[in-house]
Amino acid sequence: MSAYKDIAWNGLWKQNTILAQVLGLCPLLATSTSLVNAVSLGLATIVVMMLSNFAISALRALIPYEIRIPVFILIIAALVTVVDLAFNAFLHDLYLVLGIFIPLIVTNCIVLARVEAFAAKNGLRAATLDGLMMGIGFVWVIALLGAVRELIGQGTLFSGIEMIFPTLSGFQILPVEYPGFLIAMLPPGAFFVLGLLIAGRNWMDARANERIREQRIHHQGDQATDHANSAPA
Amino acid sequence: MNNSPYSLKPASVQSVMLRVLFALLPGLAAYVWLFGAGILVQIVLASVTALAAEAVMLKLRGKPLMMFLGDGSALVTAWLIALTFPSIAPWWLTVLGTLLAIVVAKHLYGGLGQNPFNPAMVAFALMIVAYPLLMSQWPRVGATDFAVQWEAIFGSRQVLDAVTMATPLDALRTVLRDPEQRAMIGGILGGKATFGNIGGRGWEWIAAGYFLGGLYLLQQRIITWHMPVAFLATLFAVSGAFALYEPERFAGPGFQLFTGGAMLAAFFIVTDPVSGATTPRGKLIFAAGAAVLTWIIRTFGAYPDGIAFAVLLMNIAAPLIDMYTQPPVFGHKDKRGDSP
Amino acid sequence: MFEAILVMALGAIVLGAALGYAAVRFRVEGDPLVEKIDAILPQTQCGQCGFPGCKPYAQAIAKGEADINCCPPGGDEGIHKLADLLGREFKSLSAEHGIEKPKSVAVIDEQACIGCTLCIQACPVDAIVGAAKQMHTVVGAQCTGCELCIAPCPVDCIRMVPIQETVDTWKWKYPVVPIRQAA
Amino acid sequence: MTSYLFVVLGAVLVNNVVFVRILGLCPFMGVSKKLETAIGMGAATTFVLTMACGASYVIDRWLLIPNQLEYLRTLSFIVTIAAIVQLTELVIQKTSPLLHQVLGIYLPLITTNCAVLGIPLLNVSLRHNFLESLLFGFGSAVGFTLALVLFAGIRERLEAADVPIHFRGTAIAMITAGLMSLAFMGFAGLDKYK
Amino acid sequence: MSEPVEVTPRESSVLRISLRTAAIMLAFTLVFTALMAGTYKATEPLVAASLLAEKLRLIGEVLPPGEYDNDLMADAITLPPQRSLGLDDETRIWRARKQGAPAALVFEAAAPDGYSGRIGLIVAVATDGKLIAVRVIAHKETPGLGDYIDPKKDKNKTRPWITQFSNLGFDSVPPKKWRVKKDGGRFDQMSGATISARAVTNASSRALAWAVKHRDALFALPANGRFEENKP
Amino acid sequence: MIPKLFTFKGGVKPASHKDESADTPIRVAPLPSRLIIPLRQSARAVARCVVEPGQAVLKGEVIAAAEGPMCTAVHAPTSGTVLAIEPQPVPHPSGLPAPSIIIEPDGKDRWIDLTPFDYRAATAQQTRDYLRDCGIVGLGGAGFPSHVKLGPGEKGIDTLIINGAECEPWITCDDRLMRERAEMVLAGAAIMRHITGARRILVGIEDNKPLAVESMKAAVEKLGERAIDVIAVPTRYPAGGEKQLIRVLTGIEIPYGKLSTHFGVQCFNVGSAHAVFRAVAHGEPLVSRILTLSGNMAKPGNFEVLIGTPIRELLPLAEPRADTDRYLMGGPMMGVALQSLDIPVVKGTNCILAGSPTLFPPPPPEMPCIRCGECAKVCPAELQPFQLYWFSRAKIFGKTQEYSLFDCIECGCCSYVCPSRIPLVDYFRFAKGEIWAREKEKAAADIARQRYELRLAREEREKEEKAAKLAAKTAAGREKAAATLAIAERPAATPEDEAKKSLIAAALERAKAQKEQAHPGNVSNLTPEQEAEVAAIEVRRTEIREMAKPHLRQDD
């Protein structure tokens, strides 16, 4: 069980594709101009990651070492194409907005990296879970990024939701007079906000590390007294 | 206890920065005379914001407060921001720009001396990208009514149309954008509208003020001749060549040198020691590159004045320029200055 | 549908054959990376990194099985160099593996030594001289300060002594900067 | 003729792959810590990307479009790119061991650079002809190299800066990339000028 | 498979391995291509439907569905590149009819001289020479400044700027007055972003003039025909 | 002939303060109550002590002999008794002690028998050996052995430069020496010219010492010398730096890593020339020198002082003022602050400066570098000090070397002008020290790696041998009865081992007892941190024992 917990924790935080591994940046930055775009692409990525991890874990016995990379790419590309076609068919507006970034999931380093580092070495369940968790790790970051950029950029959230659910519409969060801060929606803003997120992660990690250190010192103190007690014996 | 040397020349960062502020005064005086006292309000706004932001960042980073607040560098940044922003910009624009300059461009990099980008120009570029309209509404020459300017800065902006006017660069760009209006270009380049006929519609007098201040900086040996000379000469040469080639399309050197921020840039902005190149040859390349980019962006780009972007682009290149223009070391003149 | 499969099949055959051929033909032998990593490690051979010696740790890093911040004798300095070599991000010394300490050498209390040779066997760099039943001595210049000889000694007669500074080994200190290090 | 020049200049400066199109960021962030590696990566990418643009144009025009197999674009492009990378490696290993030493370690990384797939796909959607495709690929790769090398220059300097502790490393690199992309926005409009 | 296979590169085995990898590669390719092809086949109609819906939505912006009763998609003709409309590519013109009688033309146009390049428009012109409506379908105008030409971005939600052209013709606004106020015309512009307004205004004027001029020739063409300028 | 003067880039012009001490003649300092003579004469070599405590010595008697090529002999500065040979604080920025000979003067100041040396009759090598045995080292500051510098070099020496620049503020000892003993200096220079076979001698003197120039010129006239030019060079610190002076006088730039002899030039301080003259003409080894006492003193002046005189005993001669807060050895630009007044005068000591808070105010706190480039403008080595600083501060030493850290001559000009008050030189000294230390560590690590690998190889071999032996023994054992099988399985349990075990046990007892006596309670009174650390070590020990097991021999 704890192995699965580890997988989840790795995907969500410790080995988070964006915050820790700094991979898969292009779709992340390019499509996080709004919350809806971000989440949509994130979900597509989850699907691809899960499916590819699943497929490769299932087929791993059949793939010779020498051509593993081309085969991985083949499989991923096929799955991405499937997702791409699905978007085109069911969420056409969104398909237009996300543009080339759906096909680019193929080269999203995370997918290949996870496949190679995890799926190719682990069982079906673990691999699928890893794909899911890594995907969720990606989604929450991209969603946060999208939300922050959208909010700062134009004071709204969920704008464009009508592309998915035609009956809904976005919220104006900040007052209408809010002049907007265009930079947040442009590439520089993407870099800035992600930079701040990473700094935030560093900060939380540093705090956690500090706590561990303190605990350890405590712990060692206990051990030392144990040692002293047992020494005469 | 310190080590040798034990005697030091009297000099300090603070005195350097204060002299830079002093050198800005002639230009500032011309500004107030021609465009009213609104600019003073902006300077106060920017200075207060800059000092407050600096203080907060220093506190957060656990640095000694007074020593750094007193160094004056934040004030130089603040003044340059105020002088490059429209003097009737709404108050929050100046405050936001200054805040971003000090916090993002300066302190996230470690504060004074460590920032690779010119903070004032970061502020300008961020703001013109985010609020192009607000950043291109400049006061009209002679429209010095302080009450109106105050209203524009702190109150509604309804009053504006009467007192704004496109700057010469903006007018030039508008005309160039529209083939039907190309014929008007002569009028703009002639610029007989107001005082001189150098093409600045008043801006040339402010530029002259900056020039004066720049000479003072040179005399005080705070800046070296390399940057201003390279910047102005290159801008002169490039714009001159194109103006000769097709005068009805390209503005001449007089126009280019005396409009917009060219003169301010030549003496106060490209010369920022922190974010610029530092070797003698590097300085020439840096300033010449900034001039060429300025001309290109002014002439072909989407933004009316290219100085901020040109300077930032050269800031990016500065480390490499420095790296490849290391002067040879004593005794190693035959080869590049690498140690044996 | 049919064209699709045909087109792709063609590509697959060509690519597969080419790759299979290449993989066999151009296999890279040996791993120069290990040598480069080993050259950075301090060769204290103390095992604090969790590997029995510097070379095994180097191999583990090269394989990606160990992090770069596990060697306390190498300190932050060493981690910086490893990060540079491997293009990874610097991270400070992992507390699990110990802390940086002043460089020390082992000294054998010659009154207490019983000449059991156990420390000789433990010393990874043969820095202890002495024969069975005779008093042993540490050759200070060769001792790496790994502390491995301390544990085996049955009479606990080995101590670690920090190396004293002399005019010869004295270094200029880092200038004391009134600006505090970045928070 | 000038329109070809515009394609190249546009790709290098105005629509810089990294700063405006936001492609190829992973190697941009990952391989920019040292100048030499940045140059090596840039050179390798330039070669592969130009080739990939040519090859993918041919595949698209002669194989996919006539057979109405546009949906295989992603797959066939990426497989072609992988093959090109592999072939390049073989060829330079045979012909120029020196070059191989310089570029060898970067070649495998290129397959996961999304610009290498993104630019050929953009070629399709921008309806470039063969020469334009090649030039666009080349220009984009030069733009990538430029971004990478300049970034490496700054990062070498940043290494020693007194950056607040939580911002050290990737965070400040991101902010720097943001400011660089801000600076590149100054080129906006250059490609429109007629 | 995670362990590299131990091989000694002897010539015969090289060949064998090449063949084997080729075969495996082939197998994978076949399977996954089939998967893709299957998906493609399955989604093809849906994709086509989406595309159609997209077109109709665009047309609906300028021509309310109540204004016509024919099948617009069927009653379309091909328009080769038209310089006077600012079009560099082939486009389609849709002919709306009500009870068989010509009602309106819907077509694309472009203003090449926007602040940041081309502004793409879709225009509907009634047979009586009135411009029913014009909408921006693609532009790169400065966000927050020039983008008010797109009603989605226009701050004035009740009466977006671009609606001021609706239902006007050269009879009510003579061509000389079909300009922005700054140029002496009768249409408003947003101060600070005149260029965008001017570009759209002038382009809509050109589009109207073009439609009026070629109206009859266009309706005369057979469905799916091709318009040629110099043919009567 | 007035040769064309060149210039060097950079340099600064601090207030010269020469007048304070320049106008009083050299006086001889009285005998101190004891003399401390460090065995280390320069950074490069330590002489071998040849006297014992209690031994009586005469003035000029060798008390430590030259050992190795870079070493010179050390002589008793006066007659007296050797009190001790022990570590004493020496003039070194660390303030750490180093082995020294302490002599108590008998007050008679009796010389050994002095015999002049006929250098014309001797070979150059013999003269150099003689100078080495006279303890002649450079008096210009670095204390580099003169006999080494007088060596032939690769191409021979064409020009001999006598350095009378004395560019540091306050210091006037060379000035006085040239004014008072110009002929001796020139005679010394002539001897050096003879040894090296140089063609000409150039004497460089900063033009703020016109009287010294006069006096030297007069001496040249008087000696009727042709090939000696006395040249006034512009006053600009550090014109007296060897490289700078050579550049000014000859236009030659000597890069770091090259010796000046490579370019046919060699440079000596005027004091060194004077010492050579005394050694050759009078047979006097180097036991005294002239130094300046100045700064915050009521009666500054120049004194002829015995090597080894503690600073404390010199100070009354110049009467330091009450607000004096520190003493510097050397000038304000390159000197070393003295951590103790018991530190003795050594051969390189040219000045003792008294400092006060007004004279040398403590520097204001360091600000960050604003890259203003002032430091680069004044750096005589034409470096970019701010780049060096940028990387030294962040301890990126590889980069500092790329920016030519080792070309820095530590002149201090950059620190002098920096508006941010950065102690730049301190950073450079720090970086150099670290780089040297690292090189040493690297060498040590390489040796350790070698030894470790050797050991592994040896263990491997032994294991194989043992396995072979074991196999043989097992084979033999199989033929024997089953009862003996047990022994065959554990062939290591030999009687020797048994004996060893009992020995260990006995020793354990003994050691325990001993330990309890010898170190009563070295494990009590521990702070919690210490205890924690002990515990951690204990844990690790067990782990390592586990880990090390396969690496240890299995036989016990």
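All chains are identified by letter, namely A, B, C, D, E and F, in their written order; residue positions are counted from 1 within each chain.
The rule is short, and it goes like this: contacts are C-beta pairs under 8 Å (C-beta built on N, C-alpha and C of every residue); 3 or more make two chains touch, one makes a residue touch a chain.
Everything numeric in this text was worked out from a predicted model, so none of it was measured.
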Shared interface partners, meaning chains that touch subunit B and subunit C: A, D, E, F
Path length in steps (a step moves to a chain that is touched) from subunit B to subunit F: 1
Hey, which pair has more contacts between C-betas, D-F or A-E? A-E
Top of the farthest list for subunit F, CA-centroid basis, is E
Per-chain CA centroid nearest to the all-protein CA mean: D
Which whole number of Å gives the spacing of the CA centres of subunit B and subunit D? 33
Subunit B and subunit E have mean C-alpha positions lying a whole-number Å distance apart equal to 43
Between the Cα centroids of subunit A and subunit B the separation in whole angstrom comes to 41
Rounded Å distance between subunit C and subunit E, as computed from the means of their C-alpha atoms: 65
Please output the residue numbers of subunit F that touch at least 2 other chains, ranges allowed. 93, 365, 367-368, 423, 426, 429, 536
Among all residues of subunit A, those touching at least two other chains are 64-67, 70, 74, 78, 81, 85, 179-180, 182-183, 186, 188, 192
What positions in subunit C touch 2 or more of the other chains? 4, 8, 11-12, 14-16, 18-20, 22-24, 178-179, 182-183
Subunit D-touching residues of subunit B, taken from the complex the two chains share: 60-61, 104-105, 107-111, 114, 116-117, 122, 125-126, 129, 293, 296-297, 300-303, 306, 308-310, 312-313, 315-317, 319-320, 323
Complex contacts: residues of subunit A adjacent to subunit C: 64-67, 70, 74, 209, 212-213, 216
Enumerate the contact residues on subunit B facing subunit F in the complex. 1-9, 11-13, 15-16, 64, 67-68, 71, 73, 110-114, 222, 224, 273-274, 276, 278-279, 322, 326-333, 337-340
For the complex, which residues does subunit E have touching subunit D? 32-33, 36, 40, 116-117
Residues on subunit F engaged by subunit B in the complex (per definition of touch): 8-9, 12, 14-15, 93, 169, 243, 247, 253-258, 326, 328, 330, 332-337, 355, 359-360, 362-365, 367-374, 376, 380-384, 386-387, 401-407, 412, 415-421, 423, 425-426, 429
